[in-house]
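For reference, the structure discussed in these notes is given below.
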Amino acid sequence: MRPSGRAPDEMRVIDIQTGFTKHAEGSCLISFGDTRVLVTASVEERVPPFLRGKNQGWVTGEYSMLPRATHTRGSREAAKGKQSGRTQEIQRLIGRSLRAVVDMEKLGERQIVLDCDVIQADGGTRTASITGAWVALRLAVNKLMESGQIKEDPIMSKVAAVSCGIYQGTPVLDLDYDEDSNADADANFVLLEGGNIAEAQATAEGATYDEEGLLRLLRLARMGCDQIFAAQEEAVRK
Amino acid sequence: MRPSGRAPDEMRVIDIQTGFTKHAEGSCLISFGDTRVLVTASVEERVPPFLRGKNQGWVTGEYSMLPRATHTRGSREAAKGKQSGRTQEIQRLIGRSLRAVVDMEKLGERQIVLDCDVIQADGGTRTASITGAWVALRLAVNKLMESGQIKEDPIMSKVAAVSCGIYQGTPVLDLDYDEDSNADADANFVLLEGGNIAEAQATAEGATYDEEGLLRLLRLARMGCDQIFAAQEEAVRK
Amino acid sequence: MRPSGRAPDEMRVIDIQTGFTKHAEGSCLISFGDTRVLVTASVEERVPPFLRGKNQGWVTGEYSMLPRATHTRGSREAAKGKQSGRTQEIQRLIGRSLRAVVDMEKLGERQIVLDCDVIQADGGTRTASITGAWVALRLAVNKLMESGQIKEDPIMSKVAAVSCGIYQGTPVLDLDYDEDSNADADANFVLLEGGNIAEAQATAEGATYDEEGLLRLLRLARMGCDQIFAAQEEAVRK
Amino acid sequence: MRPSGRAPDEMRVIDIQTGFTKHAEGSCLISFGDTRVLVTASVEERVPPFLRGKNQGWVTGEYSMLPRATHTRGSREAAKGKQSGRTQEIQRLIGRSLRAVVDMEKLGERQIVLDCDVIQADGGTRTASITGAWVALRLAVNKLMESGQIKEDPIMSKVAAVSCGIYQGTPVLDLDYDEDSNADADANFVLLEGGNIAEAQATAEGATYDEEGLLRLLRLARMGCDQIFAAQEEAVRK
Amino acid sequence: MRPSGRAPDEMRVIDIQTGFTKHAEGSCLISFGDTRVLVTASVEERVPPFLRGKNQGWVTGEYSMLPRATHTRGSREAAKGKQSGRTQEIQRLIGRSLRAVVDMEKLGERQIVLDCDVIQADGGTRTASITGAWVALRLAVNKLMESGQIKEDPIMSKVAAVSCGIYQGTPVLDLDYDEDSNADADANFVLLEGGNIAEAQATAEGATYDEEGLLRLLRLARMGCDQIFAAQEEAVRK
Amino acid sequence: MRPSGRAPDEMRVIDIQTGFTKHAEGSCLISFGDTRVLVTASVEERVPPFLRGKNQGWVTGEYSMLPRATHTRGSREAAKGKQSGRTQEIQRLIGRSLRAVVDMEKLGERQIVLDCDVIQADGGTRTASITGAWVALRLAVNKLMESGQIKEDPIMSKVAAVSCGIYQGTPVLDLDYDEDSNADADANFVLLEGGNIAEAQATAEGATYDEEGLLRLLRLARMGCDQIFAAQEEAVRK
């Protein structure tokens, strides 16, 4: 039995509230159950130095937890003077995941920064971030297309992410904190609409797993992402 | 005429949503118009080194802007590796303001950290932070009293803050961003219920001002704070 | 009775020794009693990036305490790798105070940096810094005018600063360390010749204060600044 | 055709030179073709703070590239003052991978640090690091068992890592730099002797891939790791 | 001919003003011509971690240039967030030089920190720092002996430093900035009263030098230090 | 008797293995007994800002110890976020030493960076670094001359370094760790072929020394460097 009483293949309630802040070109407050992340998409009319003059754009992500997003307060990274390895790893994953679905030439020589700030954490903050980042990106690109700054849609597909794991011997979908901190294996899948994989990361915690285990986690992730794609669709339609 | 159409002594709408996050001992999302700050109060059963073994507590504040709280995206301080002078100045002000109304011996040897994270900025983020911090602190202390960890209420008074300024020659209350960036003088007052001053900071921007000017700003601040005290009262009653 | 035996409205002896270092375009060693600050004004023929090409200049300040300026040795900020919040707050105040009396267009596209290094501290280091910074600035600008690099005097007024506070219930002027560390309220006023206010900062320490208290402090500050303006005048005349 | 002329399932030559440095409790210089990594295992009779007094040990990894390990010189991270996100991500992976095969209670309250310094890079530096780290760890633990400091062998299994990718449409094993920089997908597998998975990370670069693609990469990795386990065995036997 | 008109073996005027600041246990403002350094000695009743419980003391030095000590303003190291290699090299030299004449057991388990802050630079700041540091140390130790905290004098000898160099083919003593920036070789000698060497550092700048050259520089340094020892003696006698 | 059984004027075995890494323009693994340093020379077609447009080149050095080069593991400077004073002092010495033998105009507007990474330490790492850096530099310059990028040889002489010290009252050559940590005096000489001195640094550790002592150390260094020059010659001939 899962601590939350959910079935093994049952997602938490997904809620996506778009337009949460007024300044960003795209934004949403995304919830996977009690995990809540504020994502903003900022369009900047410049690209990183290594891309200057190459007629292509860039998409990147940043990630942070508010100090009291968690059970006990964590130190502020700005006060400590550096970002943790975990933060940097997640930022790199967010950027790669979104870049997997964007045609950089169609985007043009501009950059979109996806800021993912975790307001409340209950497991799955990186997957909620990626999922919400796609929504914020979609809204920001819509605005660029409406204003005529972009001619052809640079977004090639939806992208979403979900965590899976082996909890007390059973593969389960969308782990919350109680499960995550006790899982034998922990995986994050970033999938494209249609089912292709942008990124798969699976780590043994207590026990290692075999090929069959990896496949079962992947199949759960597919089921979860189908629901997430529907939630993304509904959010950007509003 | 003020850009917002408000009367010179008219505050923006104040909204205080308590219990915004589930982990913190006290929390609220406070809005002064379009300025929105998430404040959490975290109780820690330890004190800073300089207070160890002295039978008294400590209250401190931290402050940050989310990168896209503003019109154009700002760099993340955690990525730059240090907090700006402005951030540190505001953090120090938040801490001093709240400590002005807390009896540290009654609080006992524990620390309460007030994290103020600006979700959206439209002028007055430091005053909204102080105001919301009192609410979060009140809720956290209530919890400590209910559980019997604290016997006597260590909070001696309400404390609230508001900005005033001289805009196109007229003293006005609770400046929004449009006014703030064009004001001749800019002041922040931190007041106690009853009208005493915890902190007064007034800076000439375009033109300097005289004693009479300072007094007019202080009187506006008193009017504003009376409304804020009422909003605080209502928020903690809920 | 004040620990120093001074009357409530009595300043410490002010001494300003100009030309203390040979390289700086302007310099002085300023003393308010036992508080001694070395101030240098450095003229640089460039402006910060945000002002480039705008035909205006900039004035900024930096502040530091020598490690053993105080009763017990403090760590060197360069060794710790960052400036404290207090240091940054004071630097920002010095810059704002001096900019309040300079016409940036008349200064032309150049920067003047005012370095305030506290040799010995006995209360009031920030007010001595601002006061001495005006003298160093005046000397540096005189040199620019003599050489013909500046045509019209960009300095619009004298500016000076002094601290006041409520010590054992009595408002007193120009606090030394003994008073400062025991005062109920602590205020710093930056005033222009003629009496206008460039900056007012008043903080309750032990007890809060009311409007009347604020006014009494401001009036003491005016009296003190009149003496300081005379000392500045004499110093730059030499 | 692969640039190196290798068959799709052909590993580069693996060479493991043990005892490369005299001070470390275990060490080796491991080569996967032109990729060369110096790995040392350092035994420290203390554990990180979060494990103190818990009667268990810890295994952790650190990773660095010498500045001229690559085609063009990279800046030294010590000179830049911080480790890149990539470095931290790899360090975390090395630590997790080795911890997956160590029984921390049998290790006892001590820490083993695995330092992986890349002398020359030609693709696959992280997989060579993990593979060599197991050898250095095995040698260090042997020494602890010989001296009687450890009674029961805490190492539960061999662990090795290899990269795979899709290069010009074909799944290939053990990518060198030329392939790695042009691959459509890039995966790193950390496997246990027997075939179980400790960690799987697969990233789409140019094109995404499907479940079948993921499985083909995993099977190549298994083939590669079987050869690596043999090389590890031979190295520690010497 | 030397730019200053001095004879090759002629020192600049040495001036040592003791008791320059009131808080430090020992202090002086030392001048070698236009080079002026403020040195303070701070006695701390603790030792660095590596010496705790060993019944011996420690002497260490810190060094800094005020930003406008030089012809053009340099950035403040505290603002840059790190000390330069030059600063650290000089600090290490100051500490080593003073430790060469102190019996750490007689000093007892306490630390004396020698802060050398350059007020004005005209060549030879490190040698003036070492020379002045001995004076400040002597005064601080005298105070400890007078108060009975130290029984036996831990200072075994005077120590002083001077620079020499080869300027336009001629060995010269006590280089000023004009000479220093054009010298073919540049040496710093730290000598003990009696003539023994604590430290010798000689660097070829334009041209290398031979054994004879090194000896001639050393002999000049001896002559210079004899005058410096006399100045130190006179300063501490006052 | 020396711990190693060597005669007072006996060097350790010197071994220089050129071409140790394939990417660098010049490289070697140099050993002085058990001290082993990997040196690479990287040619960059740019110069530091202060030399731009001056038709001359630059040579600089960087130095680092691998964490377990020593008896007990040291922290990684990249993880600590800054380079130690010792590291910076050695880097500066390496750069100065090599620049002493290079004609910067003949080098042309390019920079050569000499990275010295200590693989294993047993005393004398800085002198081995300088000696090996000359070999790597020679090889890199040879390549530039062969390709015609440089017309005239910019290297004016060989340069090498060796340590000497006073061990149990006897001057000895090329100290290993056991001697170095117990020596009364410790000196490093950087000499040019022919015997001229580029740099001499001699420090008293336990006891100070006199002129005669300094000369005896210098003469030992000359003997040692003659052997080192021969080893350099042989290495670059291969």
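Letters A, B, C, D, E and F mark the chains as written, and numbering starts fresh at 1 in each.
Convention: a residue touches a chain if its C-beta (ideal position, glycine included) is under 8 Å from a C-beta of that chain, and two chains touch if they have at least 3 such contacts.
For clarity, every value in this text was computed on a predicted model and none was experimentally measured.
**Student:** Which chains, if any, touch chain D and chain E both?
**Tutor:** Touching chain D and chain E alike, sorted by label: F.
**Student:** I'd like to know which pair from C-E, A-B or B-C copies the E-F interface, where a copy means over half of the contact pairs are the same by residue number.
**Tutor:** Repeated interface of E-F: B-C.
**Student:** Average the CA atoms of each chain to get its centre, and name the chain whose centre is farthest from that of chain D.
**Tutor:** C
**Student:** For the two copies chain C and chain F, what is the rotation angle that overlays their Cα atoms, in steps of 5 degrees?
**Tutor:** Going from chain C to chain F via C-alpha fit gives 120 degrees.
**Student:** With chain centres taken as the means of their Cα atoms, state the distance from chain A to chain F in Å.
**Tutor:** 51
**Student:** What is the distance in Å between the mean C-alpha positions of chain B and chain F?
**Tutor:** That gives a centre separation of 59 Å.
**Student:** Where does chain C touch two or more other chains at once, residue-wise?
**Tutor:** In chain C, residues 81-82 touch at least two other chains, as defined above.
**Student:** Starting from chain B and stepping next to chain C, in what order do the chains sit around the ring?
**Tutor:** Start: chain B; next: chain C; complete ring order: B, C, E, F, D, A.
**Student:** Across the complex, what residues on chain A touch chain D?
**Tutor:** Touch residues, chain A against chain D: 82, 84-86, 88-89, 91-92, 96, 100, 192, 195-204, 208-211, 213-215, 218.
**Student:** Report the residues of chain F in contact with chain D in the complex, numbered from low to high.
**Tutor:** Against chain D, the touching part of chain F is residues 21-24, 27, 34, 38, 40, 42, 44, 62, 64, 66-73, 76-83, 87, 113, 115, 117, 119-121.
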